[in-house]
Amino acid sequence: MARAGLQLGLKQALGRVAAGAPVPVFAVAGQGAREHVQDLRLDGRLRLVDSPGAAMVLLIAGGLPDGLAEPLAHLHDSLPHPRATLWWPLGAGPATWPQQFVPTIETRDGVSETLQAIQRELLRGQRPGEPPILPDEDPVPWKGVGPYGQGGTGMTGGTPYGRPMAELGADRDGLRLDVLPLRIGPFFPRFPPGLTLDLKLAGDVIVDVAPVESPFAGAPPVGVCRAGARIFVDALSQPVPVAGLELARAREHLRWLADALVAVELGSLGSRVLRLAAELRTSDGDSIRTLGRALRRTQAIGWATNGVGRIPAAAVEGLGAGPIARAAGLPEDERTHDPAYSGLGFEPIVQRDGDAAARWRQRLGEAAQSLELAARAGDRRTVPTGSVESPRGRLDGEGNATARFLHLLPGVLQGLEWGDAVTTLVSLDLDFEEAVFAETARAGAVAS
Amino acid sequence: MTLEAVLVVAAALFGIGLYGALSQQSFVMLMMGLELMINGGILALAALWSRSAGGNPQGQMLGVVFMTVMAAEMSLGFALITSVYRVRRADITEKLRRLKG
Amino acid sequence: MNGLITDGVFWLFAVGSVVTAFRVFRTDSMMRAAFFLLASFAGVGGILALLGAEFLGMVLILMMAGEMLVMAIVMVMFMMNPAGLNPMWMVHQHRVAVVAGAGSFLALASLPFVVDLPDRPAPRPEEATAELGTELLGGSMLVFQTAGVTLLSAMIGAVVIAHRNGRFGEAEQGSLEPALEPPGEEKG
Amino acid sequence: MILLGPLGVALAVFVAAIGAALFVRLSGDLPRRPVPTTPERTPFAGGETPAVHAWNRYHARYYVMALVFLAFDMEMVFMYPWAVVFVREGGIAFVEMGMFITVLLLGVLYAWRERAFNWA
Amino acid sequence: MRDYASPGVAIVAVGAILVAGVYVLAVLDRLLGMIVAGTSIRLGALLAEPVQSGALLVLQERRTTERPDAAGWALAPALFGGLAAVALAMVPLDRDIVAADPATGFVVFSAAIAMVMIAIYLHGWSPNSAFALHGAYRYGAQALSFQIPFLLAMLATALPAESLSIVDIVDAQKSVWNVVREPAGLPLYLVVGVAVSFWGPLNLPDAADLAGGTVVEDSGLDRLLWKGARAAMLVAVAAMGAAVFLGGWWGPWLPGPAWVVLKTVALLVVLLASGHLLARVRIEQFVFVSWVLLIPLALLNVFVSGALLL
């Protein structure tokens, strides 16, 4: 009795202390939520974590298509007890996953406070932790099968403990060892939202890779277009101010940089970049140039990216792959066709190497260039031609650069060590959301 | 902790090592047996050095040599295992014999 | 009292070392087998330190940590079912091996009781490391240099035997063997 | 503990630290909890479930380096006692160890030339 | 016979220093992160945060995976913590304040560092999870590469002391600190020190690109113990660096232990700052640089400092 009482007292005392801790949140960014989720990093009351095991609350932001309901349920069940879920709709329609787990809230400031309140209640026992969503079923029935009831047969056969073992496969090294099939995504924190890859790994080297069709693609939007991409989608059908467009471009590049910095273990610097992006003015060109020097000193543009994921110009020629193509030396840019830009003396910046470092340099250079253009643009407006140069490349009613680039991904990633593959993938700045809204915009234009 | 006790422990390690080296089919497990035999050897050596040889530094030297031999043996042994696996895809001794014969 | 504690620690190490040594051949998981062997070495290292060969004991643990890590890595590479998800039992001539193991144990264990070993304890174990150093540079200089050459040949031998010179190019170029025909421009 | 000396104290600290950590971990499991369901025990792969066990014959791409390490690491065993008597022995110690290390470095040089330190 | 404390005192003292060290490290790391991020610093929140987050982890339940190696999973953080404790126990606070000073203290410390790779490999292997497994193998490559430069960088400090005892090594620095005697020693030691406790640029096993690597499946106490042990190891590395390179207790005005603490914190700041100011290194590159650059450099350091002694 006394021991139980002591335990309870200890638990309560710890709960009171822990209630003030930054809430460990695993955030899932759906449509319309990328910037909002990113900005949560600047909030000291929260801590965005990389794996569900580290989290206490699962935050679902924006709209998620039906196809993601099952992975989401798996993710939910992977959180340790006591856990909770919060849905932050950001203008999206009704959710398709079990409603009882998901209280919703609307405003930006409300999120952190609600998350804190949830954590407090969980820790004080005022709110029950959520039970699992999925039924307790083995992927394959295995119990009682095999000589020891472990589900396997022989030494390597069967499905011991519910899963088979990896099988042998050919390798460049001539050693026929196991090839591990692995499907990663769609909520892997280093991947862009919506990307899932079917990988085959021999050791830590990628032998084969195939992108799984994104649940975003081909489906109607389930949320609102995210703020950073909206102006580029709008520019497809209507004239927009060049200054606003260029400022948005610089901001998008910086937001990409903030994510890329997390991937090379420079999260604190990433927060600084994020703040710069949020408060970006046309006069901030010097800040970006300073940032570029800082990145060289930290070796983010250096040993972390040099020579990684080289994409030759020939491979991406004519794809409209934007910064990827320009980093490889191709001066492809939709803006050169826009009369609004010709008066501004616009010349695309290009790099030579085509590796991840070149893409980092390219985006920094373009961000600075965009600010200059925005400063000079006055009240010029773009001329809608049915295609726009978005921060990721050519955007038109057919799709965006990501959609066109995706089939090249296997060739780029094959043979890379996993860390290099992630560095490469991050440096590509894929975006599945942009295309969805571009298609909608075209459909809207046709309808009207 | 008498000298005899230590030597009995060393003998036990050697015996287990010998058992492993003779009984295991897999190359790597076989090498573990060899390692254990050397382990027993080092122990016996140190016991004799400490209790019976008056702390002759050559005893320690011999211990170091044992370790060196072990390292060289492992290095070359693993290299051979890799090579055999690469060329013949054999990871157990029987396979090698069958391929040879 | 002190003798008792020393004896207790010794037997702890001794039993631990022998039991883990035996477990090496009685576990399904290769990773466990390698680390059982490491535990056995660590036990022996402890006994060595108790015997006054402090340096030898500690250095044994230091070296074996690295070697057993490599052992684990190689074992996981080349053993089927490395984690022992299914039961593993890969032995041959088992009876012979048991007899040989037990026989060698009995023979060796009876030796110290049969042979009359001189009783000459090491006088100054705390000087052991320095004595080893002097021996290394003096009396056993040739052994020392021979060890160097042995290690060199082991290194070169290992590289020659184990390495495959990039027949299919460097690590950063594609991981599959090249196709018979030259690759197309862009294949999905 | 007199005979065991400082190493005995180190051992005591080691055992105590391991014991404390294991105790803390076990006491955290003290309140009985429901057994986690299979989906709750899925290894993390970004929301998807793995098709096979992660344990596999892992192709450690640095195995040649590991073999070179096995042999080269041994040099430390010789260097420790050497360092103790270095000042006492003087020049002879310098020359002998210099020879020994030069010989070993040849091995590293060879391994470098054979690209043993790159991913296989 | 060498100096040592009674086991009870040693356990309590090392435990207390360990916990305090981990707390100071957590605060320092957060502070440096805030400075780099440019966030406004609130002292109260800064000091409370490690305790609060720790309590949170205590209250979270442990996760497990489908078919883990449960014993290995339990043992790995404990082993790591135990090794950090042993490593820390070797560091003297003053000539006669030391938990244990074996004649081979230097080798004991090295053996503890070498065993760390076993703990991390075990931790990554045990959950039967792909990301954790990759983390384990990365640390394998990392450890096999930094091991030799680490030992060599430290070894040079034993030459002037003519002993492998840490107290003797510090004692021999009365007139000149080893950082002056062998200029390449400390930078080398710091580089590999970061690698040992896989911090910042060399955080390869628990890296962000593996969503946490070996720690990906851990939650609750598992995570707390692992992070704690890793921080403790960094503290031990910094403390040992302060002892063997920066003259330990030697210094004017202040008492010896104060100097040890000051020097340790200074080294900690350098080690932690690297985590916020340097990008992650690629593993293949690290292996290559270790063997081709760091090992020859460390050997050169040993021989040059040896030649200067003669």
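For clarity, chains are labelled A, B, C, D and E in written order, and residue numbers in each chain start from 1.
The rule is simple: a residue touches a chain if its C-beta (ideal position, glycine included) is under 8 Å from a C-beta of that chain, and two chains touch if they have at least 3 such contacts.
Please read these numbers as outputs of a predicted model, since none were measured by experiment.
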{"item": "For chain D, the least number of touch steps when starting out from chain A", "value": "1"}
{"item": "Chain pair, D-E or A-C, that carries the greater number of C-beta contacts", "value": "D-E"}
{"item": "Farthest chain relative to chain C (centres taken as mean CA coordinates)", "value": "A"}
{"item": "Separation of chain A from chain E, taking each centre as the mean of its C-alpha atoms, in whole Å", "value": "33"}
{"item": "Centre distance in Å when chain C and chain D are each reduced to the mean of their C-alpha atoms", "value": "13"}
{"item": "Whole-Å gap between the CA centroids of chain B and chain C", "value": "7"}
{"item": "Chain B-chain D separation of Cα centroids, rounded to whole Å", "value": "20"}
{"item": "Multi-partner residues of chain C (each touching 2 or more other chains)", "value": "6, 50, 54-55, 59, 62-63, 66-67, 70, 73-74, 77-80, 83, 85, 90, 129, 132, 134, 136, 147, 151, 154-155, 158-160, 162, 164, 171"}
{"item": "Residue list for chain D, restricted to those that touch at least two other chains", "value": "1, 7-8, 33, 38, 40, 42, 44-46, 50, 53-61, 63, 66-78, 80, 83-86, 88, 108, 111, 118-120"}
{"item": "Where chain A touches two or more other chains, by residue", "value": "51, 53, 78, 81, 160-163, 165, 171, 173-175, 177, 180, 182, 188-189, 202-205, 417"}
{"item": "Each pair of chains that touches, named by its two labels", "value": "A-B, A-C, A-D, A-E, B-C, B-D, C-D, C-E, D-E"}
{"item": "Sites on chain A touched by chain C in the complex", "value": "146-148, 150, 152-158, 160-161, 165, 170-175, 177, 202, 205-208, 307, 314-315, 407-408, 410-411, 414-417"}
{"item": "Chain D residues within the chain B interface of the complex", "value": "63, 66-68, 70-71, 73-74, 77-78"}
{"item": "Contacting residues of chain C [partner chain D, same complex]", "value": "2-3, 5-6, 9, 46, 49-50, 54-55, 59, 62-63, 66-67, 70, 73-74, 76-80, 82-83, 85, 129-130, 132-134, 136-137, 141, 144-145, 147-149, 151-152, 154-156, 158-160, 162-166, 170-171"}
{"item": "Chain B-facing residues of chain A, complex", "value": "174-176"}
{"item": "Touching residues on chain D, where the partner in the complex is chain E", "value": "1, 5-10, 12-18, 20-22, 24-25, 28-29, 33, 36, 38, 40-46, 50, 53-55, 58, 60-62, 65-66, 68-69, 72-73, 75-76, 79-80, 83-88, 90-91, 94, 97-98, 101, 105, 108, 111-112, 117-119"}
